[in-house]
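Take a look at these structures.
Shared between the two complexes below is subunit A, which has subunit B as its partner in the first and subunit C in the second.
This part shows the complex of A and B:
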């Protein structure tokens, strides 16, 4: 296999390698008659990614130039670390690199990347081949009942609301909206965590087909990686999934030169956590409405940034972080008329005049030093202990 | 010295770095001409004293040294704040013998003049995990090639003399030299401040790297690095 990648596409290739590196430790390269496929699989075999570069991605492409009689086309496996080393900083690559030549020398057990850079400098990386086999994941994507196409911006914005400690996300697909929430393990103390739930209406998406309502849970790390990839390329994401336990497939393609499939295993969402979520949201006491600056923007076709962030303090003095992206087109010239009907029996906010006050400091303090207000609190128990000494002796 | 101030540090008898500030960089410069003024101080302490107002603060500095055995006196005054002054006294030691890596018997076999920012970008891109850098110089194309060996991989950077980051190149005979990458990394900080870099290779393999720091007002400062090569076992 021998091919030339023109300068601007080197950056795309670099981004791809970096996205794949978030998935697995090994990179499989397979060259076919009309395309090159890069694949990776994580060690737990729960995430798989495949990116296909069509012939026209390259300025020159010869899939089998050293013409061994192998009809399958050459393939190889290299370590992801070497691949990352080769594409160190994809963001600056298009400025430095004029073109890249990739050569697969199976006889020498080397995959050769040759960068022709500015100043007439040539950087050559001889990457050792670990194996000459590839893996192939089996998954269905076209026949599944649920298919959603979304711009990456909506999903990235939704995901940015989650805590960095959240490692799994549950996507609940309803017939007219999807709910994204962080997955909470049963064993974790509920008073120590922040729940985040985001409701996105079907109208926000470029296309929306949910024939079978379901909820799937998958890992956040890989999801973020593929969002970053889509963001870097500015391409929409197609999400195709069946039901719990069946893999969810994310497809990113630009129609002509590349197509990427990211497959994540899904697990069943925890039933009890789910139940408590709905329960808690119906018991909301306070809410705070934050008007987004986007109200001034005209009611255009593009997805509304308008977010209602209702930060609620429920009876368990337990923070519940709820973000709703509504589907109603809000008349923007008159803020007073904006009516938002929120899902989940949460709160009906009739108009903007009625912005509820933020929680008073008393309540906040009460919940902070809650223990002191408990009937079982014994003031004597803390008398002898100086928790924080006087900062200044004078 | 009457010509200027020279600071020299050494590491493990393998690397010697010096910074040379010509006398015209100072507004006033007096040195006794009849004796060698030379002493040893801790560089960490000196750096700490110079950065006493924070590295962002521009300060004016006066330095005094009386005679052998007396401390080095530093008076720093920040430019933005008035009536604030620090007075530092660093005790000095008699210098050890400095390594003389300039071997007069060894001829210079190759010389390379490069643009510093582009050279820095190349070095910054080298793999972090490997520890040996191989340098191949030859009168034929590609004139300079830098090779690093990773875990299983080999990377190679070719730099022909026609490249516009190479200002001048002279090499009579092909040669291969190997250096500790860790030693090479030591001068990257200085390289970031420089505009031009001269690499001189002598026949015993010692690399002399001369960096030119240019300030806005055309006054120049220099630094030099001697790096001892790795020998084949």
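This part shows the complex of A and C:
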């Protein structure tokens, strides 16, 4: 892949990289016949972003200029950190950079960014390729019942009302207005935090279709990142979502050169515990990625993890059994002893030794209540003696 | 929970956009002074009170009176009974100041005491949309503590001794930069106010003595002569000792009050009780009265 990005578009590319960096730590690049796709996925796999640059975004575009196999476009994975370093301060980039050449050298394992700046300065960044695979998320859009188009300004203004400590936001879509709330976890002390709700009437939006009233909760950090991106490009945001638990998709596009999809997992707003929240979001992820062809390793990790947990649980139940058995056997053992002592007064102490050996699991109990298991133990001696009173007298 | 039984209700809406800028500034100033503050609502005035953590006989750190007429077009207050008409609410001051910052672009504000799982001061802010004629509604539920009647006495207006001198202060901004520079060198600063309208701020360290003098300030009251029993208050040779008030105060506290320069004010005075107390009073055109009490340090 080889392409040239004209000066003004370099800024757009820089903004894109910065927005994607708020989502994930790795950047996937894929070159197709007519476009370049940048993708990222966060580590919790609850947020995914894809930005597609069409051919006409570039002044020159050759998707497959040094590769032999024609059917598959070149692709690669690089670390987000190195991508960020390449695009420092995107705000000023359009003033300095006249042209950017991006070259994907799969043979050398390098992605090369060459900035041709003013005054003949050329900056070249060689970014190492970590992998030559890409990830892909599967999600539904366009067919969903709820679609809202909003200017980014409305949403940014609304979000500015929240506190910086709020990390999740609930969007409740009603037929004539939307409500934005900061999501309150059940574990949070209500007397410590401000609850904020913003009511925005449907008339404020460019278009508003809510066929199925619902409330979805998603993370604030990624939402803010995509708002900043839309703000920088001055483009409206299309929000498409179904219902709780299904991903919400934010689409930002300018119709000709670029199209960005930001997909966030959603949780139900009224789930009781944090644990169930995370479960839910991971299930969403799995649904989303069911049909995907290039699964990353972490997908296979998940069921494995669950197995581990179930194994742990099994072990736990053994543990409980282990405790139960001796508890049941203590009284019988005591009975045996008392029978021996009371009914057969003549029985020699030696006879006690003939009692069948206790199961090994009893060793713990034995070591704790040593005296009870000694051959000289007489249970009558403890019958009426109260060594320690009941702790709760009432 | 006292709120349910009391049926207390306070609601107010804020129409005047000019005046609306004042309360946020006041609350921001308070949030810099203390984490907690108390809001007292009475039929005539609303009060912000900040008590010191070790509140004993000492006066509160800050006492602020705001006449409700100036800021609210509608004001309803129902107390427990006729004898206890007021409401005292405790807050985290940051929780109150942050939502109020957005008031600049607001059309109206309605404050309500509500019970939403816990007692809350609900701010209903109606703000204009930047893109269309529509308005949008923003609701903040700020958790509050309803202060029971038996604790009200902790928040009564402080009885302070009559000041020996009351002197006008120079520009707060100028004072603040001066104090902030001095603060880096010494933890306490000596304030000297003379009946001739001179104000001196002085710090002493092992290596340096720094003083800043302001001249020609209006003296509003002087209850001299002052008895100087020791030689600590050294001064210019030709100055009449008996016409000079001295108090040593914590520089950090003084600097915190001087943050109040955000509040547009028309008069700031400094009242000094010789060697005991410095009171800084700020008045605005809207008749907001903010007082900050800094007790003197005695060696």
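In the analysis below, the second predicted complex is superposed on the first by the 268 of 394 C-alpha atoms of A that agree within 3 Å, B and C clash if a C-alpha of one lies under 4 Å from a C-alpha of the other, contacts with A are read in each partner's own complex, and residues count from 1 in each chain.
Everything below uses one rule, namely that a contact is a pair of C-beta atoms (placed from the backbone, for glycine too) under 8 Å apart; a residue touches a chain by one contact, two chains touch by 3 or more.
Quick caveat, the model's predicted, so the values are computed rather than measured.
**Student:** Clash or fit: how do subunit B and subunit C relate after the overlay on subunit A?
**Tutor:** After superposition on subunit A, which the two structures share, subunit B sits beside subunit C with no clash.
**Student:** I'd like to know which partner A:161 touches here: subunit B for first, subunit C for second, both or neither.
**Tutor:** The answer is second: A:161 touches subunit C but not subunit B.
**Student:** Per the contact definition in the header, classify A:128: touching subunit B only (first), subunit C only (second), both, or neither.
**Tutor:** First partner only.
**Student:** Check whether A:191 is in contact with subunit B, with subunit C, with both or with neither, and answer first, second, both or neither.
**Tutor:** It touches subunit C, and subunit B stays clear.
**Student:** Contacts for A:62 in the overlay, against subunit B (first) and subunit C (second): which applies, first, second, both or neither?
**Tutor:** neither
**Student:** Once the shared chain is lined up, is A:204 touching subunit B (first), subunit C (second), both, or neither of them?
**Tutor:** After superposition on chain A, A:204 lies in contact with subunit C alone.
**Student:** Going by the contact rule stated at the top, is it subunit B or subunit C that touches a larger number of residues on subunit A?
**Tutor:** C
**Student:** After the superposition, pull out the minimum Cα separation from subunit B to subunit C in whole angstrom, please.
**Tutor:** Once the two complexes are overlaid, subunit B and subunit C approach no closer than 8 Å between C-alpha atoms.
**Student:** Check subunit A for residues that touch subunit B in one structure and subunit C in the other, and list them.
**Tutor:** none
**Student:** Taking the complex as given, what residues does subunit B use to touch subunit A?
**Tutor:** Where subunit B meets subunit A, its residues are 118, 121-122, 125, 127, 142, 150-160, 162-165.
**Student:** Going by the contact rule at the top, pick out the subunit C residues touching subunit A in the complex.
**Tutor:** Against subunit A, the touching part of subunit C is residues 92, 95, 98-99, 102, 116-118, 120, 129-132, 134, 136-143, 145.
**Student:** Which part of subunit A faces subunit C closely enough to touch in the complex?
**Tutor:** 151, 153-154, 157-158, 160-161, 163, 190-201, 203-204
**Student:** Give the list of subunit A residues in touch with subunit B in this complex.
**Tutor:** Touch list, subunit A to subunit B: 79, 81-82, 85, 88-89, 96, 119-128.
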